[in-house]
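Alright, structures below, take your time with them.
Each of the next two complexes has chain A plus one other chain: chain B in the first, chain C in the second.
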Partner chain A sequence: MTISNEVSNDAPILDVRNVVMHYRTEKGDVSAIENVSFSLKSGESFGLVGESGCGKTSMAMALLQLQAENATFKGGEIVLNGEDMLKMNPAEVRSHRWSDISMVFQGAMNAWNPVHRVGAQIKEAMDLHIRPQLSHTESRERIASLFEMVGLDPEMMDRYPHEFSGGMRQRAIIAMALSCDPQIIIADEPTTALDVIVQDQILTELKKIQHDLGMSIIYISHDIAVIAEVTDRMGVMYAGKMVETGPTIEVFHNPKHPYAFLLLSSTPSITGPRRKLAPLEGEPPNLLDPPPGCRFHPRCPFVTDQCRTEEPPLAEIGGGHRVACWNWESVPPLSEGLRK
Partner chain B sequence: MTDVQAPASTRPLIKVEGLQKLFPIGSSRFRAPDAHVHAVDGIDFEIAPGESLGLVGESGCGKSTTGRMLVRLMDPTAGSILLQDGDEMIDIAAIDKRDMLRFRRRVQMIFQDPFESLNPRRTVYDTVAEPLTVQRVGSVPEREMRVAKLLDLVGLSPADTFMFRYPHELSGGQRQRVAIARALVLDPSFVVADEPTSMLDVSIRISIMDLMLSLAEEFGVSYLYITHDLAVARYMCDRIAVMYLGKIVEITDTEELLSNPQHPYTKALLSAVPVPDPAYRRPDVLIKGGIAKAIDPPPVCRFVDRCPMATDFCRTHDHPDLVDKGNRHFVACHLVESSAG
Partner chain C sequence: MSGYHANAFTKGSPLGRYVIKRFVQMVVLFLVFFALSWIALQAIPGNSIEQQLRLNPNLPPEAITQALARRGLDKPPLEQFWLYTKAFFTGDLGVSWSRYPQPVSKLIAERLPRTVMLFSVALLFQYLIGFQAGKYLAWRRNKRGEIAITIAGVSLFTVFYPWFGLMMILLFAVKLGWVPTNGFIVEATWRGAPVSANHVMVIMFFSLLAVTAFIGLTSWASSRLDQPNRRRLVKIGAWVVGLGGFWLFWATNQYLVYAKDVAVHLVLPVSVLTMVGFAGVMLITRTSMLETMKEDFVTTARAKGLSEAMVRDRHAARTALLPVSTSLVLAVATVIDGGIITESIFGWPGMGQLLLASVVSEDIPVALAAFSFTGILALLGHFAADILYGVLDPRIRVTSQG
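Now for the complex of A and B:
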């Protein structure tokens, strides 16, 4: 027992290996997630960034096995605590979902059922996933302590969603995600609809809870400034592929995939010198018919012939920093920017 | 009356004085309202020709209401909006229906959501040419030339491949380019842009902002640029006005505002903006809670309940005026006033 525990301290609690997921549509297969791998250690926070349609929310849904009905897995493994979720039957998946891995959904406004009290909705999740079931009093006590943890007045549990402000609803969503004591929380755009001051409060709360409970969090966001603040490691997705992963500070200070480089170069900031930003030309590809070779090659300023035909692997370049690009060594330091 | 000067000695293009918008609550045909939301409550500012003024603040602070009044999509409750017209200033707030047509040639708007602001049954040509048709500008071939030129300018080229497409055939970024072409087709002198890039992906955002900047330079258009994103405002705007619950609490040049914020609300807002650098540590945000609605607010400083520095003086005196602290840096705060030597 002790030995396996020591091993598992180092082993990731979640290991996503070469996952391929397609959506079947009338027009053909949409290659939404193509050969994506990353792992998450206990207590760690991992960020997934990318533009809309790059596959980050599809990835989150796949982790919870809540993908759309027309989604099919063409390969890969999602290993949660040593077990492959893609091989589990629906009942086994349900026993892990919410109690081992839960989610803070995007859009706090729409995640609640308007006709039920917030506390009752959290209790429902607990009744479905906590075994043995808690008594009514135990449930209420647990919800009260969850509310306190996320900075809500416990009396609010008997109120309806419309009585909550946007920030309060998002806090309640976090309370619900915590309700079954999961090891992993997936936070999909947890603060996108919120004003910056409320966003700051929610992110601070999440960081504190993560620290107190020793949880792992996967943050998904299109806002790379948020990812910079809250994650230890991150991955950049483009058109269904993972193009760069590594320690957050390394990816931000030394991006080596041209897409990550351009994304960072085109992000305005209120700090640092006021500078002209480099726009990313073109549009992401249609995933019904993705370009051959590297999927970024039609928009890439560093493109060579090899990129048009051969797909670059996600290869280690040192210090846990991986890049899927044939020409990563030509990408200049971020401070020099891109000169035409 | 505070005089919030536009830069340089040029006459302002837009001069807003005591602008106010109240929304009644609980009123009906036979019943007087119980109360009013003071969405915009007596604001003054000026915009110089070719200048871009950013209006920032949290949702519900009145920034969109201000923008809508400036293009007269909404009638102000009180105050005036003066627009330079040749040698005189005309009051937009007092224009009657007959003169509206002429006014619309000068002032246009770009909306936030390019998925909702374009009519799905109209082609790009129909949408961009509509202002020309309404204003009876030029003959049909001339209008076609003008639309083609505008589409080229906003980066939808070659224009004839886009002219007869429908909005659903365009991406979000392309739709916003159509909306910009429509706003500029009459060669207006003033454009209100309400969060024009907030629905777009980061990579597309910069090209739209660059486009708006280059068009401003080319046509000498002034913008009122409404946004909640201070980093975007910094990229786009010469000056920034910070709004809180219907009041402008601080207004000055962009870099001055970022490097030397004076109002406690501006300070809090700036410290809450995430920075795209994992090594950067933001200062703690000192204010708590969220923005409320200004329903018949007491006459004291609007920010007093959330202000970490509020004193008894603030709780007993009227909302402070915007006062110049030097360098055309205007702040509405009793405490800054008393501390500035």
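Now for the complex of A and C:
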């Protein structure tokens, strides 16, 4: 296994710039990704967090150019190693899939084709991307070592997916995601369908593998605690927009966007100081007709008139911490909570 | 090379168990069918049989006594059944009453291969064409041509089949004269022929089977090769060698004239059966494909960077094949009733016509044998389709343990 540990320059391997993607539906355009930017450096792990329906999966799929058929890009760039994926032809996109960016899908239970052996499905990707092509025996050896790495019995490679338990399937998916030595792995809610103990094991393993192999990882979850545990930097999405990004420690302990603040104060912390639970009231907006100005303003306790009309930019507040809020300075430290 | 499939056929493998279970089921089903057809015969009172026999102008008196003794009409029912069973399974099917003294077994041996030939070729075409058409239809969804093909498919699928068959005869045989109107051979061609028509047909059947099996197995094995370009080479090679070998075999064959005669007679019934049957397969495939195309594993396949053709064939279509192969089980069963209609329309002297003729002329030994053998045929077809399903779907092998 070659390790891509080129922590050379600080140029990001993936740079997402102002991406706008809408879904066309009968009822109108769903504004699923609105002007989202973030970047990923080699060896870094980036977390994407947000409520259900805020556009996390849409963003992940866009990175592989696997968006639904009714999706249209209205602008932006997805720059992978200096090349804009949105400008590539289908064959070029295919050559980057899995070899540069692989993915552990949300609900990966059905990610395996039931009629092919698991090993054969992994070999299929390796045959396509690894050059010079591995011989049959070499492929099997490689799959065996990948299986060992993710804690599976190598014998299992000759089995069919239905013979795997949920956790084993997910481990095998991770093995498959590693099979072509990608620079980036996207893990979209990789553990939500699993029970807590298996969740924990898989998280620990992912972290260890990422550390050992030095690849970058984009970790997607609605659970901010999970993101805090496994990532270096993180971004908080709300209704298709990136509202806060920065070093995970910084965002987790010192959230400055009201949404992130409320999200974190409604997360009971075991290790940190006791927090008064401030509930996040209301519903996320309908993306067919998002509110003008800041999309969070109908639910925001810090709302001002400016928020209702003007869209706040994602602005640097120091130390790589960026917030898209007009009134971020009014947001109190997390330990104080929200005074009612 | 054998790594991935080494344990699929070993002793006590799930597939092995599945096949054995299906085989036992088939045998039991046949025995039930066999007993039921005998019981149905019992519904005819003994003396009425005797009366019928005496009324039959084809039968000399000694044949009548022989026939009555064979059935052991003076013995208790269970013993009669035993006599009949023993005779059947030792190959003694008696003599025909309407074509005395032809043995029933000879009639069956003559008719059975013709029916097998007609329907296996038609089923092969139905499934090959229907599956490919359905696959592309689903894949090209919302593109031009989809609606036209779907409408054509639905019309063919729902058309009143005997009427359609007659119209096709009218057009292609009567009006255009491209093919014979009916029958199995032209008598004149075969006068003084060194072989029987059946013999030639059996050679045709097996040469066709050999080519299909060769191309199929080689292409399947080629997908296990390491280099993709070598895979394609082997696949193309399989087609060239298979079709070339087939051509060479017949071009140098002394029976070519006779084979041509049989083939020409096959064209119309096979085409009509294919047209009517492929539409059903196409529609099932299309529905099944549209379903599989939504599955997560198709997205996984795309995410891996597979080309659209690979995603379509290896993932979407391969999995969409499962419900289609289930439909094959049903298609095989319809050969029984469809056989009678088809063979009557096209004057194809097979099992269906034999069954019909024997029932009309009250030739009970022939009717009973024809019925049993049609049953065996349907059950064997069913068994083959079941095994195919087991091979295609690894999950079914596990449920078969229970």
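Please note the rule applied: the second predicted complex is superposed on the first by the 322 of 340 C-alpha atoms of A that agree within 3 Å, B and C clash if a C-alpha of one lies under 4 Å from a C-alpha of the other, contacts with A are read in each partner's own complex, and residues count from 1 in each chain.
Everything that follows uses one rule, which is that a residue touches a chain if its C-beta (ideal position, glycine included) is under 8 Å from a C-beta of that chain, and two chains touch if they have at least 3 such contacts.
Note that this is a predicted model, so its numbers are computed, not measured.
Colleague: Using the overlay on chain A, decide if chain B and chain C clash or can fit next to each other.
Modeller: fit
Colleague: Given Cα centres, how many degrees, to the nearest 10, is the angle at chain A formed with chain B and chain C?
Modeller: Here the answer is 80 degrees.
Colleague: Please work out whether A:Asp127 is in contact with chain B alone, chain C alone, both, or neither, and reply first, second, both or neither.
Modeller: The answer is second: A:Asp127 touches chain C but not chain B.
Colleague: Looking at the overlay, does A:Arg97 come into contact with chain B only (first), chain C only (second), both, or neither?
Modeller: In the superposition, A:Arg97 contacts chain C only.
Colleague: Would you check which partner chain A:Ile197 touches, where first means chain B only, second means chain C only, and both and neither mean what they say?
Modeller: A:Ile197 sits against chain B, while chain C stays out of touch.
Colleague: Of the two partner chains, chain B (first) and chain C (second), which one does A:Ser165 touch, if any: first, second, both, or neither?
Modeller: So A:Ser165 only meets chain B here.
Colleague: Considering only the touch criterion stated at the top, classify A:Ala111 as touching first (chain B), second (chain C), both, or neither.
Modeller: second
Colleague: Touching A:Leu263 in the superposition: chain B (first), chain C (second), both, neither?
Modeller: first
Colleague: Chain B and chain C, closest CA-CA distance after overlay, in Å?
Modeller: 8
Colleague: Pick out the shared contact residues on chain A: the ones touching chain B in one complex and chain C in the other.
Modeller: Touching chain B and chain C on chain A: no residues.
Colleague: Given the complex with chain A, which residues does chain B contribute to the contact?
Modeller: 58-59, 171, 173, 201-207, 210, 228, 230-232, 234-235, 254-255, 258, 268-280, 282, 285, 287-288, 290-291
Colleague: So in the complex, the part of chain A that touches chain C is made up of which residues?
Modeller: Listed in rising order, the residues of chain A that touch chain C are 64, 66, 90, 94-99, 102-103, 105, 107-108, 110-117, 119-120, 124-125, 127-129, 133-136, 140, 158, 160, 162-163.
Colleague: For the complex, which residues does chain A have touching chain B?
Modeller: For this pair, the touching residues of chain A are 51-52, 165-167, 195-201, 203, 222-226, 228-229, 248-249, 252-253, 262-264, 266-272, 274, 277-281, 283.
Colleague: Residue numbers of chain C touching chain A in their complex, please.
Modeller: So the residues of chain C touching chain A come out as 1, 3-4, 6-7, 226-228, 295-297, 299-308, 314-315, 318-319, 322, 392-395, 398.
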